[in-house]
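First, the structure itself, so that you have it in front of you.
When the chains are written out, they are named A, B, C and D in that same order, and each has its own residue count from 1.
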Amino acid sequence: MALPPEFHDIAKRVNNWGRWGEADEIGTLNLITDGVVRSAAATVRTGRRVPLALPLQQDGVQTGLIPGRVNPLHTMIAVNLEIFGSGTVATSDDAVTMALQAATHWDGLTHVSHSGKIYNGRPAGSVTAHGRAAFSGIEKARHIVSRGVLLDVARAHATDSRWPAALTGGHAVTPEDLEAAEELAGTAVRSGDIVLVRTGQMRKYLAGDKQGYAFPSPGLSIRCPEWFHARDAAAVANDTLTFEIFPPEIDDLWLPVHALDLVEMGMLQGQNWNLEELSEACADEGRYEFLLSAMPEPFVGGTGTPVAPVAIL
Amino acid sequence: MALPPEFHDIAKRVNNWGRWGEADEIGTLNLITDGVVRSAAATVRTGRRVPLALPLQQDGVQTGLIPGRVNPLHTMIAVNLEIFGSGTVATSDDAVTMALQAATHWDGLTHVSHSGKIYNGRPAGSVTAHGRAAFSGIEKARHIVSRGVLLDVARAHATDSRWPAALTGGHAVTPEDLEAAEELAGTAVRSGDIVLVRTGQMRKYLAGDKQGYAFPSPGLSIRCPEWFHARDAAAVANDTLTFEIFPPEIDDLWLPVHALDLVEMGMLQGQNWNLEELSEACADEGRYEFLLSAMPEPFVGGTGTPVAPVAIL
Amino acid sequence: MALPPEFHDIAKRVNNWGRWGEADEIGTLNLITDGVVRSAAATVRTGRRVPLALPLQQDGVQTGLIPGRVNPLHTMIAVNLEIFGSGTVATSDDAVTMALQAATHWDGLTHVSHSGKIYNGRPAGSVTAHGRAAFSGIEKARHIVSRGVLLDVARAHATDSRWPAALTGGHAVTPEDLEAAEELAGTAVRSGDIVLVRTGQMRKYLAGDKQGYAFPSPGLSIRCPEWFHARDAAAVANDTLTFEIFPPEIDDLWLPVHALDLVEMGMLQGQNWNLEELSEACADEGRYEFLLSAMPEPFVGGTGTPVAPVAIL
Amino acid sequence: MALPPEFHDIAKRVNNWGRWGEADEIGTLNLITDGVVRSAAATVRTGRRVPLALPLQQDGVQTGLIPGRVNPLHTMIAVNLEIFGSGTVATSDDAVTMALQAATHWDGLTHVSHSGKIYNGRPAGSVTAHGRAAFSGIEKARHIVSRGVLLDVARAHATDSRWPAALTGGHAVTPEDLEAAEELAGTAVRSGDIVLVRTGQMRKYLAGDKQGYAFPSPGLSIRCPEWFHARDAAAVANDTLTFEIFPPEIDDLWLPVHALDLVEMGMLQGQNWNLEELSEACADEGRYEFLLSAMPEPFVGGTGTPVAPVAIL
């Protein structure tokens, strides 16, 4: 089963291989210049901070459908251990086992490959069990700080007088949806931005419906990568498990958005971001831009990473 | 063996129990107000970003001396797995097992107890193997963003014409050292700041000397907590394994700074922060203040957390 | 909520504290003498071997109901890694994270405590997060090899002309059931034997019904420990998740058999043993005794251990 | 770098591909017939049991030299947790993260490959990160029980009046050494036997010298596989980290014995077996044969497994 022509057509149009040189390993993060960050810092008005990560706990979003992608197993190595003798200062220490893509995370550029290639035309075989990602490991994304823009698609549809707290499972978020959300936001996505797309799907998980959260899920349409490419977004995250519409729009074409974003564009994707509190905060303040810090944990050769993003309004 | 009177004398002077109410679980993080963050954002001049976390890898800073505090074991769950059939988009996924205090991390308020108590006078017994920290778990520190100030003690001593790239193992960093570094920085620590104290000890690890990095180590003197308390610092981090001078200044008084900071003041501590690049950047730019984002991974009940801090200059 | 008088009455009758001295840490395993093992070896007739462990895989018997008791996460550290250069011999290595009580396992004597005590009257507080079990850790059970006797309660009932491939969820296995199975077996349980009690409940798991396997479950009645005590069994295992009838026979009296077996008698329990193939083999051969090797993995201070038992007929 | 002609010459002579059919996945374990096991059970005289596994603990034999092969990290999930309410029966549970080849273990047939092949001529590529070993996974070795023979090479040399408690690091164990040990044992290795070769190297680890234990190490010579092949041994284990002489006898020919045993013969290898107590027991009793049970933990697709062997004399 090969990828269909419509995929390859889009792939050609959004391809960034070589754009930042043959040695490049970070793709669209190159678009976050010092100037972009200066402007981003200037968006801070109130100093209000909104965290976007889900709690890390065994009762996380994973349901066991994806083998190996386990929720955190968090154990104590020591509990009030008087390591230097009775009556001395006592220490408690923890350990964790978890999948890097289990909770609120960034997909690294090597999280997917297609046709034997990863970003910048390198061989997929450069990812190995023992070495992990030899190129474009998540540790190469040294810092992810930029202007964040919340495209609150669920809310934009709601102002459209049809109140959906959240999009339905079958809703593929289109460029038109993104533009409606831009209008609500009162700002246009520009080069170097990190775009947060809210579908409201997270409400299912927060209400205790893990299965409903997972599937079926609204998510980005295959038409979105071109839109992000045209705007030169640096990264995109949303509030779903699969990021893109799932099951997919085109029969038997699985994960096309992943392949276009990560492999062709070299653009990081974020999943399972909790955008509910941010949605309220942005609506309260009437603005949808902010300074966003979403630092990857620098796992050497990681194809993804947990992230604890914060929006600073 | 009880803690000596001199410890209890200082403890009384820096104690913050009840200061933010009996229900408080975050201590000095309360000092980071919206106004503090607004001012912090206003320190951004160039947009230059400096990451402060060490790479997460098996060859990390832990040497095995602290049982259970294991360096990351990072494995692949899948490598270019064509999950939907041959020729489809392929995925790679990772998992990790690591101690939360293994690498660049925050000590949560419950990381130590003394005399049966944790911060705000709660019983140490509220930390358990199955529940972890019932109070003041690291997930309660929802966001850690503030003005960062680099107190480059190693460099301050160097300008003092005795060039040490780093302090020696036996050097206890005193309030006088901190004030010399403040003078170099051209700014005084104020309420809500996150203070980064550079000893230069990290150079040993970066040069491959893990044992030398671990022990003996320069670090904060037992006299520092009062100084941080007087300035109302929100948190303090440095570039050593033990944070405080190790072995300790006073015979058989182990980890007194931990006990004063975490238990008495309710102030988070950071360890194993790599401040080398930041030191160069601050010296280049002639300023030592910046916006600092150092978001904890929200492990529920965690007594610590890996952190990937970033200074935005 | 205290344990009821009927529990304490039985507890007194089966208590073995001090029976093998105050220093003893292995309880009824003391009953397995060299002579018992010699006789056990003499039961081997055909040389047929039947393994009794479930496969270790992520799709194991745990359903997530018991927090932290995770099925195995088995990952590859290396896959055909040519560690000494291209064209050399290549190696593959694995790692695992799992709960010791997740799959086919022995409960160690410290797996439960009641009224603040573990086996032999030691304080429950001797089990700690950092040290694990200071006494009666599973590594103290150096070898578990003896005569095994299959008490095939499900089959015994079946010959009773009511064919149940398995007991129903509500069936509490009583001493009368055990004796009916002894009759079927043609042998009586004697000192030092390891008794395997088959309920047939494992068929549910093998048929893919993990929830049905877990709950409700047939299992041993609170009346069984006295029977095992009278016969001086060395250890008992069965083919259920909970070992004893679950939910319990007496309202609000949870895990009484665990407390009686492990704490009072000092007798190891085995759970999730797959006795289906063994049941067929014993019925084929018309005998229900065999040499059983069920060696614990010697986790130091472990309160349990995975086990891969084998019956040698 | 290709494998040298002398390797391929031996490989041809010991190759067992197809011997038990094209579908075979267990190699020389086929030699353990019911009859072999019956005879093995008949060797039991005293009923004395000797366990052969090292304790599983963080302070294990691994030194960090082999990336990812981590000693056990054993943590408590719960410690005396009164899961059903205060005063009820309390439970303690454990979890572990460890490399399957970290401690006393069996190498599965897929632990190594050479020239792109594993045992029975299957492609090395059948081992993958997500699926692990598709063929000859360790779970296929359903039971490993047979006659064990201790070839106590160290002791045989000692009776030779040159007393070495252990062989020196540079000693390659040859067929002549094995035959001298057979003479001491008073029995010849025959079809289906599991052979335990004692070098005495384990004494270094037991004395606290982990580095000395690891390297340099005595071990089997490249000449041994033919000897085991001629005798039709079912499996071989010894008391070293590397099994074969290390560094190797022939420059740049690394792990030839692994490749011959596992890939060509399809014969399991055991490493880090503690044969010290067994050596004493056999010398005491004047016989070196016994019933050996060395059951693999059935990790599905595992390329190795921890094992807790027991010799029953």
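A few notes on this one:
As a working rule, contacts are C-beta pairs under 8 Å (C-beta built on N, C-alpha and C of every residue); 3 or more make two chains touch, one makes a residue touch a chain.
Not measured: the values here are computed from a predicted model.
Shared contact partners of chain C and chain D, listed by label, are A, B. Counted as hops between touching chains, the shortest connection from chain B to chain D is 1. In the contact between chain A and chain B, the residue numbers used by both copies make up over half of all numbers at that interface.
When the CA atoms of chain A are superposed on chain D, the rotation angle comes to 180 degrees, reported as a multiple of 5.
When the interfaces A-C and B-C are ranked by how many C-beta pairs touch across them, A-C comes first. With centres taken as mean Cα positions, chain C sits 46 Å from chain B.
Chain A and chain B have CA centres that are 27 Å apart. Annotation for chain B: residues touching 2 or more other chains are 67-68, 70, 73, 75-79, 95, 97, 128-130. Arrangement of the chains shown, judged by which pairs touch: all-to-all, with no pair of chains left without contact. Those residues of chain D lying in contact with chain C across their complex are 1-3, 33-42, 44-51, 53-57, 66-70, 72, 74-80, 83-101, 110-114, 124-125, 127-129, 132-133, 139, 142-143, 145, 252, 254-256, 258-259, 291, 293, 295-304, 306, 308-310, 312. On the chain A side of its complex with chain C, the touching residues are 58, 64, 67-68, 70, 73, 75-79, 81, 97, 128-130.
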